[in-house]
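Have a look at the structure below before the remarks.
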């Protein structure tokens, strides 16, 4: 199946410059194999470990426009599929982002799908099996998917609760790729490149990240993400002391509990250069 | 009762090519007998075992258009029956998918009916007894069903909870056909045909499926569906190793629990050719 | 009070052919006495025992059009009373089914009233006492009921729960008639007539029904209704084996519990002709 | 304050014929004294004991139109106050029933006020103190009440629950009059007059009513109301046997519990003439 | 800051005649001091003790128009701020009562603020600090408050529950004045003046009020308010016996519990002149 | 990145006069470093300690317009992003406050973000990472942020509950700055300047504040905020006695519990000049 060029309507969603992505396993090959047969893909993993960046990279690599929708509790099926709006000549149909992707052959990325209401997750079912169709019930139209259309979702297993989980009948429709924070050397490389700091400083911050991740389950819901390490590096590059950068980008956002914060602060300080330890 | 040709409005819903379906019992005869008297039918069974494919096959066999609606929590009676939309000359009625099927004699398939709100399930009551009529209360019209109209619903008993179950007065209106995953030889045949792989590879994957289904109730809500086996076969055909294909298409989507995944992974590995076992 | 002919708007709701109804007690006389004084009537009884058919029969007998509304959780007062719709000359009022019945003298039948929201049940109060009026608050009109108008509701006491019950102040407004499954000989007569099968086959199925009703409270919420027996007879007439007909029309719809189904299956098999017992 | 004649808009709400009402205490004087100073009145008492009839009688006696609104869970402040509707020249305001009564000097009767949502009960506050004004917030208008306007509400204390009760700040705004079923002689007089039966038959039915009220708290939420006794009398007058009339008008509507119904049936039968006892 | 004359739009909200208010402490000075700096004020106290009358009096004294909004559960931010309505030339913005007060310099009184939804309480935040601005988000306008605008709210601490309480961040924005029922002599003076009865009769009723307030916590949520005493006086002036007046205006509205009512009745009777004791 | 001048549409949001802000640590530097890289910032701290004033000061310092939105439970994504409104030529899109800030390069301040619904917090995600884009799903537009746009939120950790907390995936996107009440000398300086009173009086009130904060956790949810101290000072300046000023501005608003208020009153009185102690 050759990929046809993206239409004008999607040009804002084309990705022209290669998004930096540092692969850590066979994730690129698996995604490519799934895309070749247009199987839907689920990216599993914790917050801020690079899932969004990965799908941007794959869209660039596969030369497909990317339409991203952040799911949330109030996202309705109509927000995805489209709705009638009032125009001088009466009500006029406007495609939603999913319909646009389906019609014109984009990759549609539904971020944090589990946050959405049931109608949102069910509306994608007929797009994820042999039918590859999107019924616009309000419009009475059955949109057959463009040959290049593919659906990708993200999912953070750490967040699931009894009340909010993907239905079995939804999960089983997806091929899954697992993500985690990268191995230390790779993570330092990423932090250095994204924040524009030395690999040395980046390495110090990755060490801070590892220490925080060791406290997961001991008062911390999650450790510091790669994103937080990059924030700290950016603040340091902008003139903040390493101690202030770590405090503002990691310690303060990660927890409201003073005890936990003190424990984490101590653990971190032990690993910082003496000059950067909090006074 | 001779089936009249489907009208133009339904042509997108006609099925011209025989959908592959491998019968496993008397399900085709029962459905045909029910359709002959236009009795409503309920397809019961687990996720991904072929219920949707079966109703497509029957629609093709009976030469009736098929209108499928995926039920969900937010599906309203109006989504099924229709609504008034604003046009230059005032509000104009637009038939919903159920009304279209009722008027023009299609088979209407309500997938996962139990997800729908009560108003959706009650709106079908007068269509499922001697009345065979759909009252469009908002429009003040009583639509008498086309002689060819028939209603089919699907229902996964494994999903029912205290809060969500079909009412007795709804269940009793349907003739039921039970589905389960097919016997191993038949399932291998299906996987091979659907994914375009050798019966040999398909048989290996069916063995994986059986091992996973044995863990049902031991941490797994459901075993791997036929659909998941097909996904694994597709990834393998696309170049992924058998181990990676099983991981991405079965192990990762089926559970978030690391313990369960390890147990399942071990059980599966024992049945894979030595070369395909995870490193 | 002489019944005036039904207006054109109601002609779709007139019943020209006598609906088959086999009386079992004094229910016809009680309904007629209530209708003579236009007292509202409540039909109490289990699912599928003939309440809807009875009210159709009475409407035919009294030569009044019948407007049936299936109540459900999302049925609003506006669905019954009417609403403003947008037309070129502004908003135009459209009578709902209840208002139509009130204005033009039909019998209005609210099926499974207890499913409706409170506003629906309260809107009928002024129609059920000396006022016999329907206030259309949104329209600012007080519709005085046509002399022939009467209100009938149905109510399944087996369904009531703590959260959903008719208010005392509603119940006390109705004269009640109790229904149950008919005595065996009468039920066989009904099954034979409705499904077009021999009284012999019908009798066998009625025996199946009685066995299932004995299991009520032992895992079964309700026994097989008369409707289910008719379905089984229809499938048998259409060529299905008696065993397959009973399985599809009774065993599978009535319960999802394998234990209960096995017990019921055994109880039923004991009563079937040897040839029809499941293999 | 002299009562001015009701305007044309209210003519459908004028009461020309004296509604039959048999006083049982000083209720007419209290209401008249409250109306003289336009104090708001609350009628407290059980279902079907004549509260609605009383307010109709008082409106006739005071020569004021009566606008009745049955409160329910979904009654919004807008249903009472009014709303904008779309007309060719844009949105046009339509007074709700309360606003109409306020502007033109009717008695407004809010039946079962406790069923309403909080916004409904709060909207009446400024009408029940020295302000005597209704702010139409959506319209930006402050409607000063017509000198003849008065507000009456009904309230059944037996119904109140923890979640649904009038707020103290609402209750304290009303002068209250208590109602109960009338004393036996008076009740027989009422039943005889309303149903057109002999005082003798009426007395028998009143005796049935008293027996049922003695079971209050022993399985019965409420005893038979005067209204139910009238229904039984009407059925008997229409030809039903006394036993059938009592069964349909009292026994069946009053409870779904077979035990309670049997106990009540026995208690009632003991008081019926031998010929009327159930077979 | 000199008060500018109220614009035409607010003329219905100007108070021309002095509302009777009998001060009981420094409340007039505190309010005046707060108004001088336009600090927002919270009036705390039980039902019917004169908070509304006080704010009317202050508005008259300060010569500012008064816009009162009774808060309730369904009051939305749009009800306060305003909304777009459809007119021939498209949607037109209509100021809500709060916006009107903000623009034109009225005192806005939000009665029983704690009943309102969170959005209502939050919308007033920027009006209660140095910003003194109301952002009309739907209109994209930031309304700077007129120099004379001031916000007053009322709050009954006895009503607060776990689910409904003012947020700390809201409470801290207000200067508070506490109210309670006035001392006996003053209360008699108020009752006499408001109901037009002798101070003697008023004193007897104030004594009834005190006895009821002593039962607070012993079955009574609140004692009789000054308002209820005035109601009783009005009924007595209108010809009702003192006993009937107390029963209708105090005993019946204050409680539904027969025990409590009997205890209260006895306590009250002990204090009434012998002739007025219930028979 | 040079800051471009704010467009006309935002001129009402420009801050021309330096808002008084007394720094207490490195908060100005951290905010400036974050703004330099356009990192999103979260201001953490208790009620009324100066977070809003700080962001106003920073907007003035950075010469950027400031758009403030107070979050609340009913704030929808559409309230932030914008919506279609009806105009003569059909529906027309109106940017919400967030979209306006994104398009034209303002600082957008979401106050008390945790109050908002999930959709509001999720809608900001793509603005807080490398994408810096706001998808207007209803309009089908992807707004790329102006180079000067920055997002700041406030968050009071003391308010978080199990049901309302920021998601980890939201928190991790922000650099945080912690606020608390300022040290006594600084706080007196602030109170004196804001209320226009002597540093002496301000110092007395700061001492009152400290005493109240010591009772935090002993019946008080929070101590007196700096804002409350300023209110007391304003009342005193306006002529109220110090005792009345403290009562109205601090004691009454801070708690409804008489015990707690007495304890606090005693603690405060001990620190007031003898002449100002309550009588």
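Letters A, B, C, D, E and F mark the chains as written, and numbering starts fresh at 1 in each.
One rule holds in what follows: a contact is a pair of C-beta atoms (placed from the backbone, for glycine too) under 8 Å apart; a residue touches a chain by one contact, two chains touch by 3 or more.
Chain identities (UniProt): A, B, C, D, E, F = CbbQ/NirQ/NorQ/GpvN family protein.
Since the model is a prediction, treat every value here as computed from it, not as a measurement.
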(request) Mind checking the rotation angle between the two copies, chain B and chain D? C-alpha superposition, nearest 5 degrees is fine. (result) 120
(message) Which chain has its C-alpha centroid farthest away from the centroid of chain F?
(response) C
(request) State, to the nearest whole Å, the distance from the C-alpha centre of chain A to the C-alpha centre of chain E. (result) 52
(message) With centres defined as the mean C-alpha position, give me the chain B-chain C separation in Å.
(response) 30
(message) So the centre of each chain is just the mean of its C-alpha atoms; given that, what is the distance between chain A and chain D in Å?
(response) 60
(request) Can you tell me which residues of chain F touch two or more of the remaining chains? (result) 86, 88
(message) Can you give me the ring order of the chains, beginning with chain B and going next to chain C?
(response) B, C, D, E, F, A
(request) Report the residues of chain B in contact with chain C in the complex, numbered from low to high. (result) 26, 29-30, 33-34, 36-37, 39, 42, 44, 76-77, 84, 86, 89-91, 117-119, 121-123, 125-126, 129-131, 135, 137-138, 140, 142, 157, 160, 167-169, 171-178
(message) Can you tell me which positions in chain F touch chain E when the two form their complex?
(response) 12-13, 47-48, 52-53, 68-75, 79, 83, 85-88, 94-97, 100, 111-112, 115, 156, 159, 221-222, 224-225, 227-228, 231, 234-235, 237-240, 244, 248-249, 252-254, 256
